[in-house]
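Shared between the two complexes below is chain A, which pairs with chain B and chain C, respectively.
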Partner chain A sequence: MDAFLLQILNGLDKGSAYALIALGLTLIFGTLGVVNFAHGALFMIGAFCAVTVQKFLTLSVETIDPEKTDFLGNPLKVKTPYVENWFGPDIGNAIIDWSVPLAILFAIPIMIAVGFIMERGLIKHFYKRPHADQILVTFGLAIVLQEVIKYFYGANPIPTPAPEALNGVANLGAIVGLDLIYPVWRIVYFCFACLIISGVFAFLQFTTFGMVVRAGMADRETVGLLGINIDRRFTIMFGIAAAVAGLAGVMYTPINSPNYHMGMDFLVLSFVVVVVGGMGSLPGAVLAGFLLGILESFASMEWAINLIPGINQIIIYLVAIIILLVRPRGLMGRKGVMED
Partner chain B sequence: MFGLNKKDTSLLLIVIVLTLFAPFILNPFPTGSGLAQFNAGYPDLMQRFAIFGIFAVGFNILFGLTGYLSFGHAAFLGVGSYSAVWMFKLLSMNVLPAIILSVIIAGLFALVIGYISLRRSGIYFSILTLAFAQMSFSLAYSVLTPITNGETGLQLTLDDPRVLGVTSTADGSIPVTNLFGIEMRSTYNLAVGPWDFQFNMGYYLCALVLIAAFYLSIRIFRSPFGMMLRAVKSNQQRMNYTGLNSKPYTLAAFVISGMYAGLAGGLMASMDPLAGAERMQWTASGEVVLMTILGGAGTLIGPVLGAGFIKYFENIFSKINDNILHSWFSFMPDGLEDFVVFLVHPFIGKGWHLTLGILFMLVVVFLPGGLVEGGQRIAGWVRGKKKPDAHQSETNPAE
Partner chain C sequence: MSKTDVSRRGLLRTGAVTAGGLALPTIFTAQSASAFTNDPTGGTVTLGFNVPQTGAYADEGADELRAYQLAVEHLNGEGDGGMLNTFSSKALEGNGILGKKVEYVTGDTQTKSDAARASAKSMIEKDGAIMITGGSSSGVAVAVQGLCQEAGVIFMAGLTHSNDTTGKDKKANGFRHFFNAYMSAAALAPVLKNLYGSDRKAYHLTADYTWGWTQEESIKAATEALGWETVNTVKTPLAATDFSSYIAPVLNSGADVLVLNHYGGNMVNSLTNAVQFGLREKQVNGKNFEIVVPLYSRLMAKGAGENVKGIHGSTNWHWSLQDEGSKAFVRSFGTKYGFPPSQAAHTCYVQALLYADAVARGGSFNPCSVVEALEGFEFDGMGNGKTLYRAEDHQCFKDVLVVRGKENPTSEFDLLEVVEVTPREQVEYPVDHPMFAGGQLGSCNPGA
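The block that comes next holds the complex of A and B.
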């Protein structure tokens, strides 16, 4: 029972990353009808926003402390981050410690800006071109973004720890009398993902803006004929989708140290997730993200591997193939969206 | 000639001349001169030109003709490599059976994957092939270790049986790959003045296979079968409504292009008898997509040019470092020189992927017909008229 629950938890936290990226992909596909292969790169840029914030916060001034000496007998050089000088050691340290959550504030405007620039500068010109061209140009863009990041940050993973307070493990099962020890940050990640997902859904469901966007997703032409500038709203949705991917990346950094190709690794999987959920269906993307995450973690349990060796490596692809062949629309795909 | 019209014959002749005289053409600078680093006429790189040329020509039969964008073609190349190495391990070091087996196995693989994937089209097809390729990659990496030797990659050892050959040579080393006794690695050096030309046996085998593969692809492009594939690309729905089942045609194209990939994989293993799972990763599939698009999808010579272009950049461009840049721009005043080097630096050496990515995007945005269309446009400007042959360079998906 414990192992069972643990696998569900494992699946939820991986699934929340899939769900967030797939949600962004679906937002873009559903609104603009563009297949965005650069979405993984957006996830990666988000992660590197966290790295940048951490770097800025730990920018240090070097002073010589005459009272202490290093092991050679020279006066010791002490590095103190600027924030410590400004706010005092306690607050300064706390700020540095919480750099990843703080990076969220920094990442939102950056990601929205990146999204706007991408949509207005490149993707706009590809609405009328075939999907293959869209895939190709965004694939090229992904390579470019990846290489730019590699140029500035190097090829090695950069560790970005979570705040001290959220770094340990918690015994989740204590309340119900089970032994269920789980890293706190992963729970935070899951809650964060749920928050973002419900935020996006609430935004689409309960605001006038969201209503217009949904109307545009259903029938773009009619909404345009009603005198609504739907293109502008879709551009904003692209920005929001980029921000969702970016935030997923920011919060993912303590789980996996970011490197420049992390986006590509996630991209393939999130495409599979989108296809399983149904192209253009937001709830489908979220559902499929969590479902595949949980399936993957169950498949990596010992009995599953003993039953079918290697199942943990291929389960997601296998499910995707079966779904595509049996139910091409995906789990919750709308009728008529990219069907043949 | 060979059942081709005049234009195709001249295209074939160009490819024949280019490949057979590659050791001269790719070695224009004397050894020891400052520009010698731009020479690409060494066996290893020339082999890669030819092998990836074959791979891209095969991919183009699928993508260029039918418009089905496969993101998993590297899987067939990997399968081909594995089967060739197994042939070297079990049968003999002769490359002929190895290459034949790799083509057959890759073809069977393509038949199975194609049969399933081709039930969908458009982006779903891309994702399905991607999923299959990633599955093969993960399996080769983990569970299939007895067959693929996992992370280390499949290599020859001294205790392989090699039924028709020898397990080890007289001096106790692993025998080398050969074609009826002619060793693949044997190289004839021709020194003409300051130039040093290398004629490698393995390269000429690859070159001959490339020429044959290219000839076959011309025949396919010009055949009624090729016409049918083009019809699938321009409007599959209408094809179906006329009562024609297009599936056998697309499946045949898929299998043929898979066999081309297997052939490339077999040749790759013949030149250097080892095979690794990383050859099957989806980024490797992405590379052949880059090659084909960059050169010009749907054109005959485009993929060969694209493959040569990318491999040249990968090997030559990536070796340029800051010192070389400084020596190039040394005629400028000091401050300006440093500034120019600083500007160029991100795009060369390790950053050549950035250049490639930008170039690829520019091609997709402005030149959907790739380098070939670029050449046609320039030729058009020179002659002062509109580009003549537009129908070849259209890229429409199969949806």
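The block that comes next holds the complex of A and C.
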């Protein structure tokens, strides 16, 4: 029972990342009609926003400690972060410790700006081109972005830990007498994902801006005829989608140390999530994200691997095939989307 | 009656042409009998450094390349000479190899077997490389070693830890200085027994490819010989990034030790995930839960940050060793690049020097001469104590380091501390050991 519940938690946690990325992908596809293969790169750039903030906060002044030597036998250069000098060791260390949550504040404007630049600078030129062209150009952009990150940050993963206070484990089953230990940060990540997803849905549902965007998604031409500049709103939505992916990346860094390739690791899975959820369907993307996350977790269990060897590697694709055979438009797909 | 006009001059001319024609194949045959692939005829000799320059192991590849560049400098008599000053063989004089200046070309393995073979092939066929060396993966090493055997050039393996490289996939033209999975297990097991006792239950998570399989087999055999029970062995996809769904079952498995047969990014992520799930604070069977990482890489350990603290594993070499060879290499490398070398850099540097020395001692670049010079070669002063290149499988036998993630590092490089230097005798095994069974070394191929 404990193992079963643990895998559900794992699935929800994995699904959080899938859902956030797939949500952004669907927002872009639903509004601009662009299949954005650079979306994984946005997730990766978000993660590197956290790395950058951490590096920035640990910028240090070097002093020589004559009593210690470095690996070459020279006097050791001791690094003391500026924030420690400015605010004292306690506050300085606390600021560094909370670098990942602080990075959210940094990542939001950066990711919106990256989204704007990406959309205005490149992707808008491909709106009227076939989806194959859009895929090629955005995939190429993703490769360029990851190589740029590798140039500046190297190929190795960079540890970006969670704050000490959120770094341990919590026994979620203590109340009902179960031994259900789960990492605190992963719980935080799941809650954060739910918050972001709710925020996006509320924004689209309860604001005038969101209403116009939804109308534009349903019938772009008619909204345009009403004199509304839908393109500008869609560009803003691209920025918001980029921010969602970026925030997913920021918060993911304590779960796995970020590296330049992490966007690609999520990209294909996220596209499968979008297709399974239904192209253009925001609730579908979220539902499919969590569903496939849970299925992937269960497929990693021993009994599943013993039953069907290799199931842990193919489960998502297998389920995608089955769902598309049974429901060609995906779980919550809309009629007419990508069917022309 | 027919009349034939045969003049003396015509007869001589025809005879000379016929004789020349008949001799022609013999000339070619005689030439090819003494030649070999990419025989260097000018004043230079070209070595091929095949390292990952892109992909997840690009940083490790960059460190390998730094080491090779340093080795080339030292071979050509530049710099401070590094390990040439401590190497027990004195055949190298700092004037290149056999008086020919050493030049090099580089290839990108991308840590993919097909890409690595393509880049090695290009360096051999287009650039005239006489020896190929480098790499950060056993899959790549086995693939490139096979190619070099066919092409008739020497392959000096870089970082490859699978038993298969000098086991079932061994080749006469291939040589490995790096240690292997069996040696890691043989070195680690006694230390684990001392630390954790002989009544333990181990759970293995294993990367699902050649290196992972041999690593798991080796550690499992060594720990079971101690009296440990193996509770479960689970193969994880090489492409996996989040190991939480593999770690979760460990919590309720009854195991009190988790063995992570992972390397590189897999190791960073699986170790990070295991620590996140509180395994290190967990008590099982009345004992502290322990995590073991059989193959450590300092470059990669850096990615796991604080999570490596107190975790035991093994490594081929570490920059903190205090023998003269290691100190000389660290000094050369550190002065040139500003940071200490990795174990990958060390093994690549040593391999380049060992190849050059074998050519010098054999007096020829012919691969068969190099093979003869390296087989059974015993040397010292290269950082791992007295070392033997065993003739039967071309595997180096030397001391192995058991290391632990350092609790209080003094710098970003000071991540591991050496717990024990396991003597060579303890990690040796017979040539016909079952874990290395299958495959034939064959005979050297000079190519051409």
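Quick note on the criterion: the second predicted complex is superposed on the first by the 324 of 340 C-alpha atoms of A that agree within 3 Å, B and C clash if a C-alpha of one lies under 4 Å from a C-alpha of the other, contacts with A are read in each partner's own complex, and residues count from 1 in each chain.
Assume a residue touches a chain if its C-beta (ideal position, glycine included) is under 8 Å from a C-beta of that chain, and two chains touch if they have at least 3 such contacts.
Treat the numbers as computed from the prediction; the structure is a model and nothing was measured.
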Next item on the list: Answer with first, second, both or neither: which of chain B and chain C does A:332 touch in the superposed model?
Entry: neither
Note to self: In the overlaid three-chain picture, which partner chain does A:68 touch, first (chain B) or second (chain C), both, or neither?
What the structure shows: second
Margin query: Contact-wise, after the overlay, does A:268 reach chain B, chain C, both or neither (first, second, both, neither)?
Written below: first
Next item on the list: In the overlay, answer first, second, both or neither for which of chain B and chain C A:35 touches.
Entry: first
Next item on the list: Quick one: classify A:236 as touching chain B (first), chain C (second), both or neither.
Entry: neither
Next item on the list: Please indicate which partner A:143 is in contact with in the superposed arrangement: first for chain B, second for chain C, both, or neither.
Entry: first
Check: Just chain B (first), just chain C (second), both, or neither: which does A:151 touch?
Finding: first
Checklist line | Touching partner for A:317 - first (chain B), second (chain C), both, neither | finding: first
Next item on the list: Kindly list the residues of chain A that each of chain B and chain C touches, one partner per complex.
Entry: 150, 313
Notebook entry, point to check: Can you list the residues on chain A that touch chain C in the complex?
Noted result: 2-3, 6-7, 10-11, 13-14, 68, 70-72, 76, 150, 154-159, 161, 168-169, 179, 181-183, 185-186, 255-257, 259, 261-262, 265, 296-298, 300-302, 305, 312-313
Next item on the list: Give every residue of chain A touching chain B within the complex, in rising order.
Entry: 35, 122, 125, 130-133, 135-137, 139-144, 146-148, 150-151, 264, 268, 271-272, 275, 279, 309-310, 313-314, 317-318, 320-321, 324-325, 328, 338, 340
Next item on the list: Within their complex, state which residues of chain C touch chain A.
Entry: 55-59, 232, 234-235, 237, 239, 241-242, 244-246, 248-249, 251-252, 265, 268-269, 272-273, 276-278, 281, 299-300, 302-307, 319-320, 330-331, 334-335, 339-340, 410-411, 413-414
Item checked: Complex contacts: residues of chain B adjacent to chain A -> 67, 69, 116, 119-124, 126-128, 130-132, 134-135, 138-139, 141-144, 282-283, 286, 289, 293, 346, 351, 353-354, 356-358, 360-361, 364-365, 368, 395-397, 399
